[in-house]
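One structure below.
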Amino acid sequence: MIIFAALAVLLPFLSAAAGLLGSRWPGHARDEQGDERANRRAAWVAVVPTGISAVLAGWLAATHGAGFGGGEVLTSSPSGGTGNGGPGTDGVTGTLTVVDTGSIPISVGLVVDDLAATAGVLVTVVALAVQIYSVGYLRGDRRYPSYSAFISLFTSAMLLVVYAADLLVLYVGWEIMGLCSYLLIGHWWEDRANSRAAVKAFLVTRLGDVGFLFGIFVLGAAADSFKINDVLAAVPQMSSGTLIAATLLLLAGVAGKSAQVPLHTWLPDAMAGPTPISALIHAATMVAAGIFIVARLYPAFLAAGPTLDVLAVLAALGMLGAALAALAQDDLKRVLAYSTISQLAYMAAALAAGSDSAAIFHLVTHGAFKALLFLCAGAVIHAVGSNLMSMMGGLRKELPITFVTMTIGFAALMGLPPASGFFSKDEVLAAVEQAVSQGPLTDAAALLLYGSALATVAVTGAYSTRAWLRTFFGTRPIVALPEPAPGTARVIETHEAPATMKWPIIVLAVPALLLGLVRIADVHWGTAGLSVAVALLGAGAVYAVWRSDPLSDPARMLGPLRAPCERAFYVDSVYQWVFARPVLALARLVVRTDDRVVDGAVRGSGRVTLGLSGLVRLTQNGNAQLYVTGLLAGVLLISVGAVMFG
Amino acid sequence: MHVVYPAIVSALLFSIGVYGVLARRNTILVLMSVELMLNAVNLNLVVFDVWLRDRLHGGQVLTLFVIVIAAAEIGLGLAIVLALYRNRQTVDLDHLRALAEPSPPGVTATSDATPGTDPAIPGTALAHATSGDETAPSAAGPERTSGRREDS
Amino acid sequence: MTSLMNWLPIMLLGVPLAGAVALIVPSRPDGAAGGRSLRVHGLAVSGITFALSVVLAVAFDYGDAARVQFETDMAWIPGLDLRFHLGVDGISLPLVVLTALLTFLCFVYLSWGKADGPGQLLRPAPAGTRPRALVFTLLVLEVGMIGTFLALDLLLFFVFFEIVLIPMYFVIAIWGGRARRTAAIKFILYTLLGSVVLLLGLLLIWAQTGTLDVIALARAQGTGMSRSVQIIAFVAVGIGLAVKTPMWPLHTWLPDAHTEAPTVGSVLLAGVLLKMGTYGFARIAIPVLPDGAAAVAPWLGAFAVVGIIYGALACLAQRDLKRMIAYSSIGHMGFVLLGFATLTPVGVNAALFGNIAHGLITGLLFFVAGAVKERYGTADMPALGGGMLSRLPHLGSLLTFACIASLGLPGLAGFWGEMLALLGAFEPAPGLSRPLFLTFMAVGGIGAVLTAAYFLVMLSRVTHGRPVDTVHVPALAGSGPAEEAVAADYGTLPLTGTSGAGAGGSADEDDSGRRDGQPGPRAAGDAAGFRDVMRHELVAWTPLVGLILLFGLWPKALLLVTDPVVRTLVGAP
Amino acid sequence: MTEAVPSYLSPTGQEIIFLLLGAVAVGSGLLVVTTRQLVHAALWLVVCFGALAGCYLVLTAEFVAWVQVLIYVGAVVVLLLFGIMLTRAPIGRSADLDSGNKIVAAVVAVATAAVLVTVVIDGFRTAYTPLDPGAGAAKELGSAIFRNWVLPFEALSVLLLAALIGAIVISRTDIRGRD
């Protein structure tokens, strides 16, 4: 069984390698035809292994769910690695080899349990969708082969995170995901802004990752093993200080990867990448990795109360702030990006409130509907040729399929029944509501969280409605389109997208609409009613404002808050002033210091030597009398010495 | 006769000679001071010869020899001084700096600014040694440039 | 068979030495044929050496990596009880193979391509690059480098340690860039100064223990030396090695030397020479002087983390590509030293891993940076403009790969050294202050972020964006926004040879023209100057890429070799 | 030799004369090295050499004394005066006869004097010699030279010849070396 997990991880990796090295092989034809051939080859190389991985992941989920757990252990080590895997807490582990590091060994191994199986399905399905969608979206792009290879690499890394049985192995996948994210955001690197966004994404997440690594160290050292199962088993023996330190450090990585306050700023900028990437990696999968990790190590978090409080406060801040920011954006993709931050904060809230199942449920449904929303947005942008909503309007007639599917997506986002978001958000809210009375959180944090969550429901309704109305209703302003920048789209024809783009949308609309029904039995109707009412309140307010003047932006209802919201409360500027500029100034200072002080000391020592020799050389002035004087003085000294000591 | 008296006189004369050699600028005066030193030595030789009653009269004979050598020395020395004077128009010791290191740029040395004189000097090694490279207009010229090349 | 195997270390030294000596014998004047035979000669000699090192690696008994194998122990100077003692164990084996590999790849790089390609130094004599001398110098360099890693006698170690300096001096001073004289003199004076201190330390050890045998000294674990003597000896030896490593603040020779050295010189300098310093820590300083190490370790760690941060910050504001990579070496060596400073098996493992990884990655980086410099005629980043990925896609991709490996991405070799060093700092050896090392760890973590920052910023500047036809915009390339504006302006202009290109190119032709006796790459036109990765470059670089991937994905391959030795040396169970 | 050293407090007549002559020699020697006039220096040199000749006489070295007068006063100083003339040295006072090295030179000279005098006094405090007239007569010296010192004497003559030739070669301008 583990070998299938291993295959699921390795296949995309091999496909990435093949895609990078082989798609232009043989011959380096750089003409139109060569490009097309290469793209076609790359598409097959990318899609097929991802598809197989998806099947494998699905099979893993199915068999594991069907109770094969703990049966099968595979040792697939080529060089005598020890396969000491066995039934863990509730899953199958397999260890390929153990790497001795000198202290705590790293065991290269995989584990499949409920959580991993579920997440694996989500990842592979989304990856498959993005691969297929990209074939159409990036038709004719010369760099499609590398692009698809990076997605494959990403898939592989994410699957590694999902299936990893060892925290350091997990970290490997975790970082490679960050790299892929960097490479994909920077896909259109001709534009400096894209390049900057890519760098920012990588750096911000890496900042969190360092904390994450240290958290792993703390946990690993306390448990004397990096194996997740061992760590979780050792949690009860750990001191609370250790746990709090470890989980807070882990939280840094989670905040970075899942774009939570205060490390969220990279996500809106990451929308500079191609839309499929924004949709599926930066909305559905990679950003969910942080939530996934918390769920993975949930016992450790549950045992560390203060960490959950911190998480709750961060989530509360993040969900409301991001939702408000979303309300003021003009760029459709940025609206969705801020919405992603807000929804991820919901998941974090559920985790903080003590319900990891609600978080994972919301993760899955959010993956589905947010992916749907982004792909629809991609279709819209593809059609309009601009990211800005002020360029859109009245598209429901021209893009009927996109209109329908995106409506489903927005409904799910707002949490309107029967869309999937309704059920998952209801569970989250119920969990948070419960946390107010009981649970791991302190009262203040829980109250703050609950209030924030409700407010966010309203604001979510508002910005969803605003985006929906401004995109599909009203009339399209007649503006002379500028030359398309290389970050947007190739074609500017207002009609439905090609089939490879259309079908993933339609397919994704189904789970976005129906996924929630599996948990229909668990709905807390009271909470649900309240949430729907609040959401409709927000939506209604926006609609009322929009009705009064369909051409202008309903965001004007924010009044003086609008500017701060649009700039996302100036967090970027603050970071710019607090971190980026000082670091750069420090760097320049260091270079100057290095030249003047450190190297100056070196050169100075040389110069002092030369100067001293110059001084000595002054006596060598050619005056023979001086020489004789010195000679005689020396003889005198010697004779005095000889007389006195001889 | 106490031996100390002539010995002290000779020591003082010698020191005076030392002072003259070190302090006088004119080459002829330096030669004179050298003579003073030689005479101090002579006095010593004589007094020790007398004191030790040397059967071979080594001290006094040696004094005679020294006097002879001093005469030869003064003859040669004056010849050199004359050659020097013909070449440089000066006999001042501190203007004769051909022994100097080529000074680094910036440090001004009191080198002789005498333009190259008649190269048809009697071709003795000494003339070459004192006046530096005959073919160059100034002794410091080529050496200074080569020195700078090494510095950089 | 065994006795034959025992000759391997001597052959590893003898083959390049014989190859070098053979070059002294005068032969036909260096014509075109002479040039070709020279290429074959260098390639063959280094190839045989590399093959021998591979044989060594294959014949090595991995089950007993802690034992010194293939030992050769002969009297050298009997009067002083100096012995010619060579051997290989788990610490030195990877470095020997790395050295032989990098030298071989350098020769591949030099010999394989067309003689008139950019940056080719092995050109027939009329062009005046003294190919025979270059081959000779590199082979002597190889003897010194391999000898350093094989030596098991303190003075023999020192002799090889010093032998390396002279050829490297000539490599920089003869085949280097514009300011090569200064850089070479700085290099040799600085490192010689360090060597003197090292020698004093070694002599102190000798005077106290009466033996120079590394194995015996390591086994004694410092008995026979009082604590204060050990501290003094460690400081002396440590300073000598730290100059070579280089440790902040003894690093300033490195950027100059790297900037001016030719490509092969940079590669060997970064790939092997720096390793000699760290190897000395693992071989001599820590095992022989455990008490001294324990006392000095906090200082070592402090300097190491300062070096990490300092190197990263210096890189962030660097303009010159090669200089930036040189400063990045300081940061990476900081991680290596931090690993040593923890005095734990994991830390020392990390250091040794980081050593090898840095040799591979920085070797590759310098190869690529050298290729960039040869094509553009400059390594000044503002002058390079941007858009390398579109102008030279393969070269740009390789540069990206090397940078990403260097910033310590998991899955590539650079990660494990850094990660394990931080892990070591998390739990330093008993007796060391834990809070202090936790601080080191945190600072090191920030350094890792900064490392990523400068590499990504560099990639963003150089590989991203649109290519600017005029690579020289000296007056306008001051600040970021201005530079972009210029880039954008030129991007829209028709890409004809503007006056700026002609004027800017001339300064640089002075250099290349003088060195090559031929028109520089810019004058030869874009067709010749901007060829993407060429065959000989690909051949030379692919093994490095492969090994970076291998060690990144399968760190056990290296840890398997080093871990047993480290455990015995550090004295852990 | 050193039996019964007479007291220093009751000098003999020879000693008084010697000391007076010595004082003249030292004093004129000092004037040689300090005078501002070049010609005067030569003349003071004559006085100094004369006084020294007197000293030799007191010390019973009469032949040496006459040679001293003949060669030094008669030949060397005349040569020096010619040298002064030929180099067109200024006649009369000139301010720059001393180099800038004067103070250092004085220090060295005084130190030399101090050391020598100290050592001499320390070493020869007890040395005393009675003076026998005639010991340094021409006959004595002549037989010593031509009996025991013939070879050095002949070598010296060759040396003199060489010096003579050398001086001529150096000072004449019409003799060229081979190029």
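Order of writing sets the chain letters: A, B, C and D. Residues in each chain are counted from 1.
To be clear about the criterion, a contact is a pair of C-beta atoms (placed from the backbone, for glycine too) under 8 Å apart; a residue touches a chain by one contact, two chains touch by 3 or more.
What you see is a predicted model, and the numbers here were worked out from it, not measured in a lab.
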item	value
Chain whose Cα centroid lies nearest the overall Cα centroid	C
Best-connected chain pair, where connection means C-beta pairs in contact	B-D
Cα-centroid distance, chain B relative to chain C, in whole angstrom	60
Between chain C and chain D, centroid-to-centroid distance (C-alpha), Å	75
Between chain B and chain A, distance of the C-alpha-averaged centres to the nearest whole Å	90
CA centroid of chain A to CA centroid of chain C, Å	35
Sequence positions of chain D contacting 2 or more other chains	99, 101, 104-105, 108, 112
Multi-partner residues of chain A (each touching 2 or more other chains)	623, 625, 629, 632
Where chain C touches two or more other chains, by residue	none
Complete list of chain pairs which touch one another	A-B, A-C, A-D, B-D
Of all residues in chain B, those that touch chain A in their complex	18, 21-23, 93-94, 96-101, 103-104, 107, 109-111
Chain A residues within the chain B interface of the complex	614, 617-618, 620-625, 627-629, 632
Contact footprint of chain A on chain D as seen in their complex	99, 101, 104-105, 108, 111-112, 115, 119
Partner chain C, residues of chain A touching it in the complex	97, 99-104, 106, 146, 168, 171-176, 179, 182, 186, 189-192, 194-196, 198-199, 202-203, 206-207, 210-211, 213-214, 217-218, 221, 583-584, 586-591, 594, 598-599, 601-602, 606
Contact footprint of chain A on chain C as seen in their complex	186, 189-190, 248-249, 251-253, 310, 313-318, 344-350, 386-387, 389-390, 397, 404, 409-411, 415, 419-420, 422-424, 426-427, 441-442, 445-446, 448-450, 452-453, 456-457, 460, 463-466, 484, 487, 555-556, 559-560, 563, 566-567, 572
